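In what follows, chain A forms one complex with chain B and a second complex with chain C.
Our next item is the complex of A and B:
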């Protein structure tokens, strides 16, 4: 029963990891921008939802505010930070440092506005129900998994069948060729940031209700996203999804075999293993960019 | 124009001369340091600690206790040893403070050697690891350490609540390990049994798996030994994931963020006993002004950092009266010479290991407030 309980817990955690990581992977895969401030997008969405919710405006407005906040932040960052750096032939490292700095600024601004303490979104959906003898599952666990399935289904269809989806994939392969075909790489980049930022919203909202929020949690979110992106294969959305789920499951099921302090280390042990054995990741391509 | 130039020249000469005379410009200023978590997951404590020390500075300056204005140079430790050592190095070598307020067990242990080497007094009012009693003469504690808190709560749990089987969830750092050692050595003696121990990394944020293991262990109570946001996350996720056993913790949980959480209801927590209704003027003034300034009731952490700051002013005032320099070495000597001090909570004196002894209260959280259910005075 403990194994089943940990599997369900792991799937819930993995669904949230996957939702967060796929957004990062999509942005990085399409634009080659190491968007470290993706963790900041998570924090902005989570705190906006929390603020609207505690202000009594309800769930729907909360979701709208969180989504709008995440998209606007992503687009502004792309337009006013990444594009100018790239225009001046800024290196990958310059982009990373700028993004890292923005993450710290956002953390501090959130701390100043909402306080630096712990806050949580109170909802009865976070309370577990005993569905079998000794098996507790909260409604939010099902919602997490359902959200992941719906969002990834839509994303898959979008990338496979829509014109913009094809353009996003093309941008990751060859930006010059995208120009030749009369498409605007900057507009496609903006789309990547929009979609990547939207994907983080459900994970941010659900995390606010399950594990609570503090302004510093963006770095942890980013670490998991990075690990899932590398394990899944850089640029592979499907690989990142599988890796996110696998990391959540591994972190939870590790409790069956190792002491609890090693569960987080399991994530990074898997990451290390992939870097050594299969650097291209689960579904990544071997060719180096 | 010429007159203005001359005035400027005279002013410049006076300024330069005052800077050249050692100690002249700043002799009247009293700056102490503080290493508090001002960012990161433990930042909630920084606000709590600062509210106590800032109020003390207000009172000290209003009373003109010292020859010049007193201020605190805050450095952000993030509650972590490495940034704390960077901050302490700056306070010791650049700001040149003789006295530093410290918090958190890991932080305090990390900076204590720098304090001892440079003869700078470090005063802890927030860390509770038992090791903090043995960090040398220049390290003082104005807070009772957690081994006393554990010893105070165990007999209550076993005898009054009939709790025998305890699971411990502890943070994997010096503080968490000290609680593990204390429970391992004292729970059996009290008539209980430590059925499972689970350590968690300092960065962990997901505890639903831990909750499943806790349920499987079927304990009567769960002792939680962590701090900051993580500690509150553990409580929330245990309750959300079907752990309905008695939760027990220590003084670190009694902060506004934790008490505001609905899942905190019914938690048993220990903490130092402070009689806020005492008639002594220092306590009365502290309680009245704290409520007026921050619009909330004070907690033990506010008291501790108020006391730690006031203690500096008492010692520095005595040193100035003797015509001696306010250095770490002289502050230590003066503390030993004076013996006892009138602080918030009454007249207190340090034990030989540099730690103040307070009674320990066992409290239960009811309607978002801790209510005292038992008091144990180890000094009697």
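Our next item is the complex of A and C:
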């Protein structure tokens, strides 16, 4: 029974990990920007939702504010940090450091405004229901999985059939050809940032209602996204999705064998093994070099 | 005031050692490690273990700590041989997270989250150094020796091979350089020297716990190197001095709330990192446009 309970919790966590990680993977795969501030997008969305909720404007306005905040942050970062750096053909490392710096700034500003402790959003859906003898599941678990399924369905159709989706995939293959073809790579990048930032929002909101928020969790979110992207294979949205789910499950099922302080270590042991044994990931195309 | 300045100089020279050793693998070998605090910690714990249970003489603690750092650094070398760039950043992050869990769980050696207290002072051939006014000579001396060693290495054929690998691994391999061996040696040297800083740090404070060896420390060291100037000799020292002076400078500004100083410091260096990367990727000491450093 414990294993079943942990599997459901793991799937819930995994669905949220997958959503966040796919956002990062999409941005990184198509634009090659090592968007380390993706974790910052997550906490901005989560705290905006929390703030609107606490102020008494309700859930729907909260969702709108969180989505708007995430998109605006992603686009501003792209326009004012990444584009200027890339103009000078900055290396991966230059982009990473700048992004990392912005992440630190966001974490501390939010810490100063909202405090560094944990906050949670109380919703009637947060409470667990006993659906079977000794099996407790909160409605939010089903909502997370449903959310993930819907978002991935839309994303898949978008990447497969729409003009912009095709352009995004083309950009990850060959930016030069995209330019020759007459498409504007900068516009496509902006689209990648918009979509990638939107994908963070459901995970941010649901985490706020289940496990609670704190300003330092951006790091954790980023680490998970990075791990899922690499384990899944850079450039592969499906791989990242699978890896995100798998990492969530592994973290949860590990509780059968080890204490809870080791769960993060389990994730990184998996990542470490993958990097050494199979750097191209589950479904990756290119080698790491 | 004098005690305050002494303490500051000691800390700056300790962090300069950390910066210089990180710069050695980051700036010259292109290995961007976010796990530098791990080897700082390994040195501190290994040195402390020897000092408390065997012998406090630096002729015992330093070699053991350096050996521990060198052996464990092979774990870092392993991914560095397989991948580079963003993959390696991820691998080193993983190592950092794992190490923090081990540091806080392996209670018999590390004392767990509470840490270890009552670490004996540094013992140099029977002479115990515990006054800050004496300790300052030890740390500054260690910094000078390490700078000298690294300077020699960088300007030897080994250093040229390292830079060749940083700029193009395949070209270096085509010239007959043993790329895996050179990379491994550089990581081992860097980690062994980092462990020295750990030993000095532990005996200076006579107290250590896992808080000093977390991801935040790795990030701080990396920020020091980057802000000072990656791949330059003076850069890491300038960066260390600047970032350690920052909190005290901020505390002179009365209008800022004292409780938020930590946050304000982090905001300043976060912004500093982002702005430098946009306008001056080579760092304060480095050249204006990046032609030598950091490029893949």
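By definition in this document, the second predicted complex is superposed on the first by the 281 of 289 C-alpha atoms of A that agree within 3 Å, B and C clash if a C-alpha of one lies under 4 Å from a C-alpha of the other, contacts with A are read in each partner's own complex, and residues count from 1 in each chain.
Here, contacts are C-beta pairs under 8 Å (C-beta built on N, C-alpha and C of every residue); 3 or more make two chains touch, one makes a residue touch a chain.
Note that the structure is a prediction, hence the values are computed from the model and not measured.
Student: Look at where chain B and chain C land on chain A after superposing the complexes, then choose clash or fit.
Tutor: In the arrangement built by aligning on chain A, the partners chain C and chain B clash.
Student: Mind working out whether A:108 is in touch with chain B, chain C, both or neither, as first, second, both or neither?
Tutor: Once the two structures are laid over each other on A, A:108 reaches both partners.
Student: Where does A:230 make contact in the superposed view: on chain B (first), on chain C (second), on both, or on neither?
Tutor: second
Student: Once chain A of both complexes is superposed, is A:117 in touch with chain B (first), chain C (second), both, or neither?
Tutor: Only chain B is touched by A:117; chain C is not.
Student: Once chain A of both complexes is superposed, is A:174 in touch with chain B (first), chain C (second), both, or neither?
Tutor: neither
Student: Taking the superposition as given, does A:261 touch the first partner, chain B, the second, chain C, both, or neither?
Tutor: It touches chain B and chain C both.
Student: According to the stated criteria, A:211 is in contact with first (chain B), second (chain C), both, or neither; which is it?
Tutor: first
Student: Classify the contacts of A:84 with the two partner chains as first (chain B alone), second (chain C alone), both, or neither.
Tutor: The answer is second: A:84 touches chain C but not chain B.
Student: Check the residue A:2 against both partner chains and state whether it touches chain B (first), chain C (second), both, or neither.
Tutor: After superposing on A, A:2 lies in contact with chain B but is clear of chain C.
Student: Stretches 1-9, 19-27 or 109-117 of chain B: which one clashes with chain C?
Tutor: The superposed arrangement places chain B into chain C at 109-117.
Student: Which chain A residues lie in the overlap of the chain B contact set and the chain C contact set?
Tutor: 107-108, 111, 261, 264-265
Student: For the complex, which residues does chain B have touching chain A?
Tutor: It comes out as residues 38-41, 43-44, 46-47, 172, 198-201, 203-213, 215-216, 228-229, 232-233, 236-237, 239-242, 255-258, 261-262.
Student: In the complex of these two chains, what residues of chain A are touching chain C?
Tutor: 34, 81, 84-85, 88, 90-105, 107-109, 111-112, 219, 223, 226-227, 230, 261-262, 264-265, 267-269, 271-272, 275-276, 279, 288-289
Student: With touch defined as at the start, can you tell me which chain C residues reach chain A in the complex?
Tutor: 32, 78-79, 82-87, 89-91, 93-95, 97-98, 101-102, 104-105, 169, 215, 219, 222-223, 226, 260, 263-264, 266-267, 269-274, 277-278, 281, 289-290, 294-296
Student: Quick one: which bits of chain A touch chain B in the complex? Just the residue numbers, please.
Tutor: Chain A reaches chain B through residues 1-2, 5-6, 9-10, 12-13, 107-108, 111, 115-120, 122, 126-128, 130, 134, 136, 138, 210-212, 214-217, 220, 251-252, 255, 259-261, 263-265.
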